[in-house]
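Naming follows writing order (A, B, C and D), and every chain is counted from residue 1.
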Amino acid sequence: MDGKIGLEEHFAIPETLSDSAGFLPDESWQELSKRLLDIHEGRLRQMDEHGMEMMLLSLNAPAVQAIHETSKACEIATRANDFLAEQVAKRPDRFQGLAALPLQDPDRATRELERCIKDLGFRGALVNGFSQVDRPDNVVYYDAPQFDSFWKTVQELDVPFYLHPRNPIPAWAQIYEGHPWLLGPTWAFGQETAVHALRLMGSGLFDRYPRLKIILGHMGEGLPYSMWRIDNRNGWTKAPKSYPAKRNFAEYFQENFYLTTSGNFRTQTLIDAILEIGADRILFSTDWPFENVDHAANWFDATSISEADRLKIGRTNAVDLFKL
Amino acid sequence: MDGKIGLEEHFAIPETLSDSAGFLPDESWQELSKRLLDIHEGRLRQMDEHGMEMMLLSLNAPAVQAIHETSKACEIATRANDFLAEQVAKRPDRFQGLAALPLQDPDRATRELERCIKDLGFRGALVNGFSQVDRPDNVVYYDAPQFDSFWKTVQELDVPFYLHPRNPIPAWAQIYEGHPWLLGPTWAFGQETAVHALRLMGSGLFDRYPRLKIILGHMGEGLPYSMWRIDNRNGWTKAPKSYPAKRNFAEYFQENFYLTTSGNFRTQTLIDAILEIGADRILFSTDWPFENVDHAANWFDATSISEADRLKIGRTNAVDLFKL
Amino acid sequence: MDGKIGLEEHFAIPETLSDSAGFLPDESWQELSKRLLDIHEGRLRQMDEHGMEMMLLSLNAPAVQAIHETSKACEIATRANDFLAEQVAKRPDRFQGLAALPLQDPDRATRELERCIKDLGFRGALVNGFSQVDRPDNVVYYDAPQFDSFWKTVQELDVPFYLHPRNPIPAWAQIYEGHPWLLGPTWAFGQETAVHALRLMGSGLFDRYPRLKIILGHMGEGLPYSMWRIDNRNGWTKAPKSYPAKRNFAEYFQENFYLTTSGNFRTQTLIDAILEIGADRILFSTDWPFENVDHAANWFDATSISEADRLKIGRTNAVDLFKL
Amino acid sequence: MDGKIGLEEHFAIPETLSDSAGFLPDESWQELSKRLLDIHEGRLRQMDEHGMEMMLLSLNAPAVQAIHETSKACEIATRANDFLAEQVAKRPDRFQGLAALPLQDPDRATRELERCIKDLGFRGALVNGFSQVDRPDNVVYYDAPQFDSFWKTVQELDVPFYLHPRNPIPAWAQIYEGHPWLLGPTWAFGQETAVHALRLMGSGLFDRYPRLKIILGHMGEGLPYSMWRIDNRNGWTKAPKSYPAKRNFAEYFQENFYLTTSGNFRTQTLIDAILEIGADRILFSTDWPFENVDHAANWFDATSISEADRLKIGRTNAVDLFKL
């Protein structure tokens, strides 16, 4: 279909480019780095050729989240957002922006988000999982209490927050030892991001800010398949909930989350997602440049869903969610 | 349907009983411990009431796998297997056995498996994830080279190996810190077991022993939903595989793995599993006594699949797989 | 779920009551006739007990459509509509009306529809398939040219038209000879109504009146399963279309049709319908009193779809479609 | 996948060629007639190019069934079968035969079937719906009592019977009047064949001959989608069955019927069929030359089912069913 909109579409600035090395074999690095630094050439050509009208652009990963010096993290976030704003200004009909945020400092992240939305006209934020704060091994997830005011602002601004994957730090990645191929998109990205999302749900965040809109890529990082078991294991015990949140995990998932197809071009998986969360909360994305636009688009244009859902997932859900 | 067979159905001996404490709220412990120690009373009544003809019984978790002193692990495994053999002998029409194995010592585990199959008439083995060897923090997965001969024997004996969940050790569970409710069946069990299975696939084990049959519970511990992405992320890079195994992960999954419904009574999830691995490799199970037989049976008897698949999943796949 | 709305829910007036005899075994007739004549007693109790907030009521079948004397058909339609308006007036919070129409005379049917919508406050029309005109064996489908002005008015009034089943006349039912059990809801209703719908599509009606909204019961009378083949058989021949309409059948189906669950409480079928037409065009209905409210509601409340779609199909799609 | 086997694959002899005219636009006739008369040239090339190892060949439609003079029907059937046997003998590795049968005379049809199976080595029969007997308007379905002995022989020979579509005779096609585009594969084929199948089920045929194996093309001629409603409409009435057969329609459907994908290359439809009848009873077919091999094969090779089911549906189910 024409007019598709993607929302997990990355670029790099020189300072963050090397963060994307290592995921792909060396022989692909030249191509990947070229893709990451380009906005208006090859990228736009790919979009034209495969019916993508718009990309909501975001910085590559882990970038800002992995810069444990807060001042440096802030500086890079600002620089990336300023660069992105300039690029969007050249073709606002084809590109819109999602903010990079230095969540090492919740207050500065809040102010940067406000600047990005109000001054730069961005449509939301995309954050690459946990932040390393002050030292490389200090891992901070956003269910922590110091983020309460940040989330309050996200809700007030009424913009979506894309929780994007990153790898665990090496000290927390023991289970993959000797099997480095399980890191990154193969598996570890999903585990990392799914648990982060579950931490947000279990913490009661969505009781406090019920209008938050969190986006997960990769068809939900595995959550739809397991969501029933999360709430229903040991169903015969009638004990009170053991976590702070008031409701079942699935209720937050169904009311506060959106999923994208980024990097998961699988019809069976899409059907399962539709039967768990409904087509109104699923949105097309490619994960460019880590995935090809043609792989995403050729699959999506032919995948075995209704034409009505194809239009919603491919385009109109994004128009509604981001007020495009 | 009548005649259902379950294959993830647990019991405890006094020495392992307390391993099952802590997963459920205290007020359920009295009931749970009673269920675990019972074989021929309440359990059989549950089976009669809900159309289960047979349970393949296995020791609770983590039990043997968590006993880091090898001699103690061997002793408990032997004791549990002997006890199980006695129980099966009383009602071989309703119960069959799966061996507990002290994989702290691959040779002794191999011999115990041979004893269980050849002398005790067991139908396979059920192992609770990684073993702690010699000291609590020495975590050993079964893709390690010292298990090669063990797997050779498993293939020669032509019996299924059920890879059952356990929790990560605390030092490896940092991601769940402050969120203990994500441990156990809610989430950590799945991550732990899925990664273990992926390690087996990536290691080349199934190239060496292509007739191994590994069973995963809980509808595949999340793997079916993500299997495509595991092999196909970054599809545009044509680099050679980075792991020892010769084929795609999905090929091993489709040819060497079986899934059960234990603790995951969700039709959407079952349909996705059918569309990924096919109904010939899915088998009914309850996860008694952590899950109720009626919850499993009432769901399964009515779930939205063909009657042909209901019969296969509920019964005949197990008859074929275990030569019942 | 609470708050369900049903839109294929029938009543009878004394003059049409006997039209519903013959479909069910004699021993059910006493109960059925009581159900058909009741509005505010047992019906409301059923609704209360099973979470139905509202029924859009319609006359039983074939009723007006089978009265070949036009004046009589008009009289009965008027009488039924007046009776229905009185009943709705007593509980407008629980009942709304769909008009019976004497399509034997397109002009009078048009005027009666206008009266029902503008004066009586009805929400649409429900018509029982073809009309017999002037003599019993003169079968008239609504793709005929004399209905053009009627359809124009339907579009202008912006109300849905429910195309409800009826049996073929005996002279056209040769294929069922010796097998009367294939008549009615078992099979013939579906064939009759599906072909009528296809005639409307193929005739070009929706090219002329593209905003028409046609509702089909019984999960689409078989059409979703076959819709691809209807347009794509003999796909290698590139001949121009042989029918008057400009577009593929499926395009009209996807843009001008809505389906209800009446009398087809089957999850597999619902999933197929979702994957063909999307959850925005599927609406809950029971087909009371020919089907039980509890059969419909118990199934629907538990069927394996997302909660978002359950709410849309159960309630909000109807609110939108009928401006409730 | 390679090695696919198709079982609804047609040829014509000069005497039956013109029966296939009229379904397709004139400009396709030259190509179609060439395809129908060819066995070893273009057909084999198509098979080679798209991974079809074998076609079970059958005469085009309606052919024998439409020849109301019994002696002529017998003569044409014999001639077609003899011709087919010769063709199969040239490449038994690529072609096998299904018998044409003159069911105008049940005894001669029985003897011809025996000859085809025992002498010619055919694998089953394919019959084009009802037969016209003695005069064009005498329509005979095979639930009639005079076919009892024929069915007895089919069961004894243990060969499948493919019930292939044909159009209704004009006197029975009133519902399509003015809409000739609804005849043939667009719609009328499905109605005709589905009702014939339901007549067989309702008649009690499968109570008398429970090992009969009936094959339906086109993903079951619409039956899977409606099978639940056929048995469960008006579920609240507990009246005894009104038809001769002892069991529910769905039970016969699930135990005596097989479906093929011929001419219905739709993933949604295939998934629904899998969830109704199971992958063991679905078989790949193309409907050559009315459908293209590449259309069938390209779809099937990529359709969203498990690889295990792809192999069964594409090949091994046919090997088992026809003892290839």
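Quick notes on this one:
Please note the rule applied: contacts are C-beta pairs under 8 Å (C-beta built on N, C-alpha and C of every residue); 3 or more make two chains touch, one makes a residue touch a chain.
Keep in mind that this is a model prediction, so the values were computed, not measured.
Under the contact definition, chain C and chain D share the contacting chains A, B.
Seen from the C-alpha centroid of chain D, the farthest chain centroid is that of A. Centre-to-centre spacing of chain A and chain B amounts to 33 Å, using the average Cα coordinate of each chain. Our note on geometry: chain A versus chain C, Cα centroid distance of 44 Å, whole angstroms.
A straight line joining the Cα centres of chain B and chain C is 50 Å long.
For chain D, the set of residues touching two or more other chains reads 266, 268, 271, 275-276, 304.
On the side of chain C, the complex with chain A involves touching residues 250, 254, 271, 274-281, 304-309, 312. Note for the complex: chain C touches chain B at residues 266-268, 271, 303-304. Taken together, the chain C residues at the contact with chain D in this complex read 23-25, 27-28, 139, 143, 168, 171-172, 174-176, 178-182, 184-187, 190-192, 194-195, 198-199, 202-203, 218-219, 222, 224-226, 228-230, 232-237, 239-243, 263-266, 268-269, 271-272, 275-276, 290-292, 295.
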